[in-house]
Every structure is written in structure tokens, then in C-alpha cells.
Amino acid sequence: MESENRPLDALNRARGHRVMVELKNGKQFMGVLKAFDIHINTVLENAEERVEGEMTRKLGTVFLRGDTIILISPE
Amino acid sequence: MESENRPLDALNRARGHRVMVELKNGKQFMGVLKAFDIHINTVLENAEERVEGEMTRKLGTVFLRGDTIILISPE
Amino acid sequence: MESENRPLDALNRARGHRVMVELKNGKQFMGVLKAFDIHINTVLENAEERVEGEMTRKLGTVFLRGDTIILISPE
Amino acid sequence: MESENRPLDALNRARGHRVMVELKNGKQFMGVLKAFDIHINTVLENAEERVEGEMTRKLGTVFLRGDTIILISPE
Amino acid sequence: MESENRPLDALNRARGHRVMVELKNGKQFMGVLKAFDIHINTVLENAEERVEGEMTRKLGTVFLRGDTIILISPE
Amino acid sequence: MESENRPLDALNRARGHRVMVELKNGKQFMGVLKAFDIHINTVLENAEERVEGEMTRKLGTVFLRGDTIILISPE
Amino acid sequence: MESENRPLDALNRARGHRVMVELKNGKQFMGVLKAFDIHINTVLENAEERVEGEMTRKLGTVFLRGDTIILISPE
């Protein structure tokens, strides 16, 4: 289907599931994908930050500004 | 509800509560989330700046330009 | 009031008062907030520049391009 | 045909085939091009990351934000 | 007057007068402000470049792209 | 003709010919200019990458995101 | 005249004449200004590159993407 070939459809299928978000500053956030918009502003729940594979912070709910994001991948 | 699945809804629920804002220059600001807009321009009250976990400045009210923000997380 | 919950309202209340503006290059400008717009282009009067807390220049009137600004805080 | 002379037509012909995506941070992602949009937001499947020619991670499905991409090339 | 409280009004009052323009690369240009637009694209006449207070080049007329400008201040 | 004085006209005349594209990361790509758009997203065919004058990769068809490009010049 | 006070008018008067274009990466291009648009995308003819005052390349016709340009000055 055409509608399943848009990039945001892949994010939509990941909604409610755990994802890994990688930022331009090299940090990663793991958490449940709660929301996103066309700017790729993203909200994770039960989020934790990882730097070089080590868990560095638990953040609960976190709003990530879209322009800081490199990639989002379902776990 | 669809309307609760947009990223700005998460910020809206944090309005009036203490949040942590992290900037691209590595600094953090803690304060009460007073206002934000679609650019993620954000106003905090009773704000303080932290650098590497140390409180470095008390700023009262502070307007943060949205494009300098990496993340916002309720405390 | 809804209209008092927008970020630019905080700037509007600071109009005519002394503010501190911090730039992405690490410099600060102190002065009377004369004008701003939706891009956060900002005009200060009786402005002075501070670098690491030291007053480095007196500039009188200064126009600051919005995209160079990190934060604005009333003194 | 005029319609075959637009840059996104080249991406369209690569849909469903393996491509290499190179990012501004120097990393490469290889995978099957599943989706892209006018911002060049891109989804790869069966993706793996390579740094200096070495495979460093398998990621399955990955959403890459368009503004982090330098180039996309069919393998 | 409301119309005198917009940032570009300050630039308008400086038109025809000598100004100092500071760029993101740290260089300054002094010259007569001939023209500007909403992007802060700016034209100076009788312009000279200064680096760390030293005059480094005379440029006559110079067009400065707005996104490279940090500040503009009347001398 | 007015229509020949727009920058994209120069690119249009280069279509189908070999060009050199220089990127912000310092790399060059040589290839036949197949397509471009108003964002300067560009597709080259029979492309090769050069770093400091040395050919480093053959890429066949390559899509270059416009915002990574500094210049395009016919060979 | 109002129409002569816009920044692009200064570029328009330079059309057909030799100009110096300075880029964000520190390089300069000298050549005859053939075309420009509102993004300051610029085409030079008989262009040569200079780095620290030394001529480093002859490029013939060159398209320069506007967002890489700091300044344009007639010689």
C-alpha cells in the first residue's frame, strides 16, 4: 500500500513499543515511543539514557526535540 | 485519545510543574514550566542552571529559544 | 489567561526593563529590552557585553539576530 | 521523460533494493530502502551500521532523519 | 508607537549611518548601512573588516548574508 | 534573456555533462549530472568520490542531499 | 528610491562585473557575477578559488549554494 511506504508509517508501527533514539550529541535514549510529529519531535516513556552502551540516567517521560535526532529504531 | 498522542501534549501536562531542560551546549535548566510554543521556545520560572550536576546560577524567569533545546523532562 | 501562557508574553512583560541575553558564542549582553519579534531578533539599549562576568564593551543600541540567542532573562 | 529527471526519482527506483546511506557524523547504514519523503527522512530494513568499513551494529528497521543524511547510493 | 518597537525599526533608524556588524566567524565589518531585509541580509558601503580590533581589509561595498550575522550596532 | 540569468539555469545547462560537486565535509564527487531540484538535491551517475585529489570510491548512481553541497562546477 | 535600498539591488548592480565571494569554510572565489537568487545561490564565470590570498584553482563556471556564503563584494 502507498500509505505504508512513508517514513512516518514506520514510526507509527513502533508506537507503544520500545525504541532506541540516537541524538546528534552521541547519546542514546531507550524507551516506549509515546508520540511523534512531522518534525520528529518525540516523546518516550520509561526512558533511560545510554552513553557508549552504559545506562547513565533514568528520565521517566522525556520530550526530545526533533532536530537533535539522528535515528529511531525499534528494539 | 488521538489528542494525547502528540508530543506537545506531554509538554502541556508538564505545565505548572518542575521540569529539566537540557541544551545543545550541555547546560541544564531546572524550573517550573510556564509556557512553550510550537518552536519549543520555553519559559521557566524559579529557574536555576546546572552544569555537570552543580547549580551554577539562579535566573528567576528565563526564556529559552527552542532551537537550543535537546530535551525536556518532568522531574 | 491563555494569552499569558505564551513564551513571547514573558518577553513582552520584560520590555522596558533590563535583561540579560546569552548567545551561542558564550557572550552575554545586558541592556534594556527595547524590541523583539517572533524570530527573537532583539534590540537592547544601553547595552554592554560581558564575557565570563567581565564587562568587555559598551554598545549603546544593539540589534541581536534571533538565531544566535540561547536565552533571555530579566535581571 | 521530465519526471525521470527529478532527484527523488532516483530514490524511487532504488525502493526495495539495498542502498548505502552516509550520515554527517561519518557513519554508514546499509539496508533495503523501504520509504523516504521530501525531507529525505528514510527508512531502511535489515539495516546494519558500518564505521570505517567495519560492521558495528545490526538494527533491523531504522528511521533516519533526513537532515543527517549526506548521500544515498544503491549498492 | 507600536511601529517603533519592532527590531527592524532600530536598523531602519541606522540606515545611512556607520554601523558595526559582527559575524559568527568572529570578524567585524564597519561601514555605512545602505540596505537590509527581513533575513538581515545587509549591505554596507565604505566598509572595512576588523579582526581583534585591527583593520584587515577595505571592501568598499559589501553584501553580508543575514544568517552569518550576530549583531549590528550603530557606532 | 532573463530566464538565463537564474542560478539553476547554469545547472540546467550542465545536465547530462560531467560536473564536480564539493561537499561541506571537504569531499568531492565527480559524475554526470542527472537531476537536481530547488533544494540542490543532486543525482550523479558514474560517480566517483575524491578526497584531496585522490579517487577514493566508485559509487555508480549517487543522490546528494542539497544542504551538504558547497559548489557544483562543470568539468 | 526605495527599490535601490534592498540588499539584492546591490548584487544586481554587480551583475556582469567581477566580485569576490567569501565562504563559511574560509575560501574565496573571484569571478564575474552571472546570476543569483533570493537564497543567494550564486553563479560565477571565469572563477578562481583563493585560499589565504593564493590562487588555488581555476573553475570556469561555478554554482555556489547560498547558505555557504558569508559575503559578496565587487572588486
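Note that the chains take the letters A, B, C, D, E, F and G in the order they are written out, and that residue 1 is the start of every chain.
The definition used in the following text is that a contact is a pair of C-beta atoms (placed from the backbone, for glycine too) under 8 Å apart; a residue touches a chain by one contact, two chains touch by 3 or more.
Given the structure is predicted, the values throughout are model-derived calculations rather than measurements.
In the Cα superposition of chain A onto chain E, the rotation angle, rounded to steps of 5, is 155 degrees. Once the centre of each chain is set as its mean CA position, chain E and chain F turn out to be 33 Å apart. In whole angstrom, the spacing between the mean C-alpha positions of chain D and chain E is 42.
Looking at chain F, one finds that residues 67 touch two or more other chains. Chain order round the ring, anchored at chain F and oriented towards chain G, is F, G, E, C, B, A, D.
If you check the complex, the residues on chain A that touch chain D are 5-11, 24, 40, 66-67, 69-74. Interface residues of chain E, counted against chain G in their complex, comprise 15, 23, 25, 34-37, 41-43, 47, 59-65, 67-68.
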